[in-house]
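Multiple structures are listed underneath, in structure tokens.
Next come two complexes built around chain A: one with chain B, the other with chain C.
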Partner chain A sequence: MTDKPMTRGSMTRRTFWIALLMVWSLGPMLWQLVSSFTTADALVNDQLSFWSRWTLNNYRDLLTTDPPFWRYLFNSSFVASLTTLLTLMFAIPAAYGMAKLPDRWRGSLRAAVVGAALFPYVLLFLALLELARTFALGNNLIAIAIPYSALSMPLALLLLTAAFEALPNDLEDAAKLEGLSLWQRLRWVLLPLIAPASASTAILVFLFAWNEYPVALTWLSRSDLLTLPVAMARIAGSSTYSVPYGTYAAATVLGAIPLLVLVLVFQRQIVSGLTNGSIKG
Partner chain B sequence: MTMLLAAPALLLIAVVFGWPMLRYAWLSFHADSVLTGLEPVANGGANWLRLVADQRFWLDAGQTARFALISVGLELLLAMAIALLLHQRWRGRGAVRALTLLPWALPTTMMALGWRWIFNTPYGPIEVLVRSLGLNSLDLLSTPSITWLVTVFADVWKTTPFITLILLAGLQSIPEDLYSAFRLEGGTPLQGLRRVTLPLLLPYILLSLLFRLAQAFGVFDLVQVLTGGGPAGSTESIALYAYLNGMRFLDFGYSATVMLAGFLLLTALILAGTLLLRSCGLLRPLDR
Partner chain C sequence: MTLQLRAINKRFGKRQVLNQLCLDVANGECVALLGASGCGKSTALRLIAGLDHPDQGSIRINGAEMVDVPAERRRVGMVFQSYALFPHLNVWENLELGLRMRGGTAGARDERIRSVLEVLQLSGQARQRPSQLSGGQRQRVALARALLRDPLVYLLDEPMSNLDAQLREDLRPQLRRLMIGGEQPVVYVTHDQQEAMALADRIAVMREGCIEQIGTPRELYLQPASTYVAQFIGRPQMNLLRAKDGVITGIRPDDLRLDSAGSPCTILSREWFGANQMLLVRCDRGDLRLVCPGETEIEAEPRVSWPSASEHHFDAVSGRRLPSD
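Right, the complex of A and B next:
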């Protein structure tokens, strides 16, 4: 399918489709980028001359509001990092345990975990909110990492169990003969070997926590504790009549930059995580 | 011993996924709203009777199913085309693949308001374009028969990369030899797609279909921010209706009933889909 020599016509056609794909994927974000540098007047008036359309004020406004925008970026980074750490701490030993279970147990356990991974978790928000109220976990950036870890646990378990199952048994047997304890085997033999799967899991969990909306919406209400998705939605809701689009566009740009970096740097891990999670899981 | 290692994580899953379902089942047989002073009071099957007669719920259920089926269908077609494009070898393919992932990685709420700006009447670029062509204003965000298509569009934009990746992994698992053999026997590329690629890709297609249908059925972030369920409730989903019942009308008993009913409907939808595919013989390759 690929080794056939291509004619000039089919090459041009392919270039056209690739260009179209890029416009489709990036166009809306580029539009936000342009809007973020456009003055409020120019956004609603296309008669203005080219040179009077541009401004940096949208960005200045973002950084001088109370709380300043970087606060939301900080909150999201904090929650997402903590969630990732917590999830891996629970999921790595659990995945090892699941990989060692006898087959008949493992099958039904895996079915339950797959079911949880498929579940549209937004339906859980009411009961989770009740738990937050009962145990006074609302408005707490550390506490919210608990439901986040639990919600990303099914995917983490599927990915990591598959990684442990792929390791040859001889390896661990040899380490056992050397007299290494369970903890030592995990730490010095198995953990380095599943590092790629752990990295994939970590980046997917991080992205989930960074983007999560319904739980954050119900658990966090203090304006200085909001995560990015909720803060964005609040800008939309607070001013129903005139959403400050220029400022909002600037917020999308600033909020997208960390993700842009993450996706470009961890592309390989994201791809292998998503594909392994769905195929082996 | 090994079971002990797995226990904390499994317990966490059981609490966060299992407990809410039990709680909803219990709450759905109680009145728990402002009228009862936010204390649960058993009310028999009143919530369920109300649900059966609740036109808004059934309308939302239909809208949710329509949204899920059409967006996932479009995503699958588009992802198939993109995956075939990305599967070919050309310079810069890795960078393009990374950039196409970007829409999937952005928070839904963030782009939802971006879409509100882009589809806005009269200042959004789409509207400006339509007017410069001398056509009538589309009023994309305030016409009930059109706005739900905007939500479909936004969902397709965001989640197509996810399906693309799964299908791409599937394509890469098909050995090249199969195509060479097929060509030697005189098959055309289009026949190759139909007779070699699609059958071998089927498990991947079904898997992404199942996962995406379940997620799209729970659509919440997108409609809450982009349309707020409007205009005239035309984009309201089951999850949004449950949210409004709980957080705006403070009727927790009924909110729990709506969520449980939504879950049951989704399960029924998936079961019906599985049976349908099985009766067409499409699942046979998976039963091995």
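Right, the complex of A and C next:
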């Protein structure tokens, strides 16, 4: 009897904190969502009646510009998917190799990779621009995936190496004795077992490529090849005298939808991959 | 089919794990590698399997040199202590994976898996994941996988040490029926002397990377080559008396007798097991373990003696057995 009110008290307190956290993190998004359906007048004038505030014009404007907004969505999806694919294609074999290295080399190699992962990549964008010029890689959606996957590589390596290291050695030994070659072991035993880590790595890489701004700004200039962040910056700066808040908010909402879908689909893998230790021997 | 190891050396960093190891296992023979942890017995097994490579020496199966043959092509069936079942596959898929990769028709595969599952009483579990199985069932799946490998040699790495005592006794006859005494040589690594005595034709007691003694369980029990072997084989372990004139005398606890004409002792502890009981007594030559029938009445100050024929003599310095005179 005596501890019941206390439990209830701590429960309500916890609910309160969780609610506060939700408001804190979801508030800006809700604000954007509401703004995207609000007329330009209503955004600056709070005297308007509730019923005359709402509009779909922001979305219509966005989809009728030239090139239409869905073009940028497509560009970003394409670049991000290609980046993710490239990164995993190289990072998985590399991580396997790193996990198999003798301890004394692994330590220094890991330190180098951590260093690369922590390096502020913005400092590289001038050098990258030079590369794009020299090799004529500008304005090419396939080419821009190369620096993107190179920049994501250190993080992907760290996550995947940890996943390979967490696998019990006996499993691969057993597969060897079953007569499986290296590629067969990777395909049938190791890859399925690190799938959660691969999924969370893929999401992080996708997210990086989706959000990336400085490299996209310098490598892409043709308006039909822009990726979302650059396109949105252009919308925001399209008029000298006013910022089109409504259109901008609508672009934010549309730009977030593919990511939301991705995270919802892979939710389970992401959580189990991030918390790791999910592989039981 | 035979297995031959010749002068195997293996070191990990500074530690010499195997030192000039030689071992022969004949067709259908089961040799147990017995020893404390770190004596190199598991390393020896991994070298035979090809999972590690010897620094020097030769490993032959049926006369063919194996040192340069990769593990994938050695055709050995191994049962791991951890079972090493693939957690993402169900029992059927676990067994099928290797068969599928090695080729063969789907029909023949299904037939073989079905019959092995039948033999090991796992038919009902075919669609379950390893995590849903009990320890004993996992162990049987691991055995099934090794059987389906159709190997030249069976290697068992402490296959039962993760099971409780009851289950171990139940599984021993199955193991003997399925693997031991077939055509293939069997190498069985264990630290449990009882298991080794029960299953092996010969036991190799290992110590610091060498075989201290190899022989039938009977030879090892009756003629232990050193104090180390003497203490490893037979439970409760052999009593070693304090050295006298450079000679250590050993007496098995079962050879000690309560004898009113013997030397006086005091009882330190008593464990009663039903059929027999074990006493720990202190006499002028040291502490002694004594096993006698469970019904025997024990006096507060018993007297014990032993026939001199049952004494074992060892050199006090080297620990080696001295020839009995």
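The criterion applied here is as follows: the second predicted complex is superposed on the first by the 246 of 281 C-alpha atoms of A that agree within 3 Å, B and C clash if a C-alpha of one lies under 4 Å from a C-alpha of the other, contacts with A are read in each partner's own complex, and residues count from 1 in each chain.
By definition in this document, a contact is a pair of C-beta atoms (placed from the backbone, for glycine too) under 8 Å apart; a residue touches a chain by one contact, two chains touch by 3 or more.
Just so we're clear, the structure is a prediction, and the values are computed from it rather than from any experiment.
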| item | value |
| --- | --- |
| Simultaneous placement of chain C and chain B on chain A, clash or fit | fit |
| Included angle at chain A between vectors to chain C and chain B, based on C-alpha centres and rounded to the nearest 10 degrees | 100 |
| Contacts of A:D224 with chain B and chain C, given as first, second, both or neither | neither |
| Which of chain B and chain C A:D41 touches, first, second, both or neither | neither |
| Touched partner set for A:I235, first chain B, second chain C, both or neither | first |
| First (chain B), second (chain C), both or neither touched by A:L157 | first |
| When both partners are placed on the shared chain, which of chain B and chain C touches more of chain A | B |
| Chain B versus chain C as contact partner of A:E165, first or second or both or neither | neither |
| Nearest Cα pair across chain B and chain C, whole Å | 14 |
| Residues of chain A at both interfaces, chain B in one complex, chain C in the other | 279 |
| Chain C-facing residues of chain A, complex | 168, 170-171, 173-181, 184, 188-189, 192-193, 279-281 |
| Chain B - residues contacting chain A, complex | 1-10, 12-13, 15-17, 19-20, 23-24, 82, 85, 87-90, 94, 96-103, 105-118, 120, 123, 125, 128, 157, 161-162, 165-166, 168-169, 176, 179, 189, 192, 204, 207-208, 210-211, 214-215, 217-218, 220-221, 224-225, 239, 242-243, 246-247, 252, 255-256, 259, 262-263, 266 |
| Chain A-facing residues of chain C, complex | 46, 49-51, 70-78, 80, 82, 84-88, 97-98, 101-102, 131, 145, 149 |
| Residues of chain A defined as touching chain B within the complex | 1-3, 14, 17-18, 21-22, 24-26, 28-29, 31-32, 35, 43-44, 46, 90-91, 93-98, 100-101, 109, 113, 116, 118-131, 146-147, 149-151, 153-154, 157, 182, 207, 210-211, 213-214, 218, 228-230, 232-233, 235-236, 243, 245, 248-249, 251-252, 255-256, 259-260, 262-264, 267, 270-271, 274-275, 278-279 |
